[in-house]
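My structure is below; once you've seen it, I'll send some questions.
Here the chain labels run A, B, C and D in written order, and each chain numbers its own residues starting at 1.
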Amino acid sequence: MQVLYFAWMRERIGVPKEEVETNAATVADLVEELRGREERYALAFSDMAAVRVAVDQELVEIDTPLTGVREVAFFPPMTGG
Amino acid sequence: MQVLYFAWMRERIGVPKEEVETNAATVADLVEELRGREERYALAFSDMAAVRVAVDQELVEIDTPLTGVREVAFFPPMTGG
Amino acid sequence: MSVSVQEGDFDIGAEMAAMTAGRTDIGALVSFVGLVRDMAGGAAVSSMELEHYPGMTEKALEKIEAEARARWDLQDCRIVHRVGALEAGAQIVLVLAASPHRQAAFEAAEFIMDFLKSRAPFWKKEAGLGWVDARDSDEEALERWR
Amino acid sequence: MSVSVQEGDFDIGAEMAAMTAGRTDIGALVSFVGLVRDMAGGAAVSSMELEHYPGMTEKALEKIEAEARARWDLQDCRIVHRVGALEAGAQIVLVLAASPHRQAAFEAAEFIMDFLKSRAPFWKKEAGLGWVDARDSDEEALERWR
C-alpha cells in the first residue's frame, strides 16, 4: 500500500511517500505499526489530535478499515484558502 | 421650497420638480395641501404606504417638521442594486 | 470613502487591482456584482431605465459605506452604481470590501448590498413592464443587521 | 463543475467575463479572493509555500462545489486555488458564485470558502515562520452550515 505524508508529517518522516507492506486492519493499527518502526515515525505520530487521515483520497476517521485500500495519507489539519 | 418627485410619483404628477410656497408645518401637512390642488396630486398621494419622503436629501418620517427645509422629495420605495 | 454613480460601465478587474495595488496587508477581497436579469419575475426584460436622485444618492451610499466601515475591520471599500439605460446582462452595481479576514469582507459586502437595495434612492423601470416593485424580502433582509 | 489547482496566477476579470459571457439570466455574481498577507499573526511574511495533495485536492474541491450547487440555486460556480511559491500580496484563491439572487450567491461563496479552508488538502508554510497552524475559528465556521 502507498503511504503518503504531507507538510510537517512529510518533513518529520523524511519522505513524501513510501510503499508499506502491512496486515494492519485499520488506520489506527497502521499508525501503531509505523510508530514502532523508528523514532522519526514515533515523533510524527506522537499527537494524533494533530494528524488527519485520507484513505484513497477521502478524509476518514482513524478507525477506518484498510481492506482493499491502495493509498493512505497522513497530514496536519488543512490550512487552505 | 423645492419639491421633487421620482419614478411613478414623477410620472403621475407630471413634473420632476416644482417650487412650492407653503406654510405647512410638517411633511404630512404639505402632503394634505398638495392633495387638495389637483386630481393628479390626489392620485399620486392616494396610498401613503407606498410613498417615501426625503427632506434635504435625508430619508425621514411623514411627521417631520419643515422649518428651515429647502428641499422635499417624494418617491416610491427604492429598488436599487 | 469611495462611491461612484455613473452611466458608464465599470471594469471589475481594474477596480480590484486599484484596491490591492502596492499593498500586502489585505487578506480577503469580496466583490458583489449585480446584473440586469432577463427574466425578472417571469417576464422577459430586454432593458431597463435606472432613475436616481442626484445628490442624495451619493450621500446615501457614503452613509452606508461609512456604517460598514464602522462595523467591520475594513481596509478599503468601494461602491459603483450605474444609472440610465441598461440592457439585459448589463452590470448594474459593484461592491468591493477588503479586510484582513474573510468573514468581515463577506459581511460588509452583504450589509452594503442589503441597505443599498432599499435605502439608496434608485428606481428601476423595466421596458414594457413598468416600475419594479420593492420586495418585502429586501426590507426583511435589513432585520439581520439590527 | 469547474475547479482549477495551478501554480500560475489567475485573472479575476477574465474569469468573471467567462462566466457571464453570452447569458442574461444571472442576477448576482459574488467573488472571493484570498491574498497572502504580510503580517499573519503579527510577524512579517515575505512569502509562503503552498503544498497540496495532487489528486485529492481536485476531488475535495469538486465535492465542496457540488455540495454548494445542491444547497443553493447556482447558475455557475468556479474555484481556482494556487499552489507553490507565493509572495506577500499574491492572490491565493478565487471563488465565484453566480445566481439569480444575491443571498444564494453570497452564502454559496462563504460556504465554499469555509469548507475549502479546513477540508481541502492544502498546507501553508510561511518563509522563516514555518507551517501555519489551523485555527479553531476556521473549524467553528463550519458549524454554521450543519
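Here is the rule we use: a residue touches a chain if its C-beta (ideal position, glycine included) is under 8 Å from a C-beta of that chain, and two chains touch if they have at least 3 such contacts.
No experiment lies behind these values; they were computed from the predicted model shown.
Asks: Looking at the contacts, which chains touch chain B and chain D alike?
Replies: C
Asks: Once you find the CA centre of chain B and the CA centre of chain C, what distance in Å lies between them?
Replies: About 26 Å separates the centre of chain B from that of chain C.
Asks: When the centre of a chain is set as the mean of its C-alpha atoms, what distance in Å lies between chain C and chain D?
Replies: Centre separation, chain C to chain D: 22 Å.
Asks: Suppose each chain is reduced to the average of its Cα coordinates; what separation in Å results between chain A and chain C?
Replies: Measuring from centre to centre gives 48 Å for this pair.
Asks: On chain A, where are the residues touching two or more other chains?
Replies: Residue numbers touching two or more other chains: 81.
Asks: Which residues of chain D are in contact with two or more other chains?
Replies: In chain D, the residues touching two or more other chains are 34, 102, 113.
Asks: Pairs of chains that touch, anyone?
Replies: Touch list across chains, by label: A-D, B-C, C-D.
Asks: In the complex formed with chain D, which residues of chain C make contact?
Replies: Interface residues on the chain C side: 11-14, 16, 20, 23-40, 88-89, 100, 102-103, 105-106, 109-110, 113, 141.
Asks: Residue numbers of chain C touching chain B in their complex, please.
Replies: Checking each residue of chain C against chain B gives 34, 51-53, 55-56, 59-60, 81, 92-93, 113, 116-125, 131-134.
Asks: State the interface residues of chain B toward chain C in the complex, per the touch definition above.
Replies: 4, 6-8, 54, 57-59, 73, 75-81
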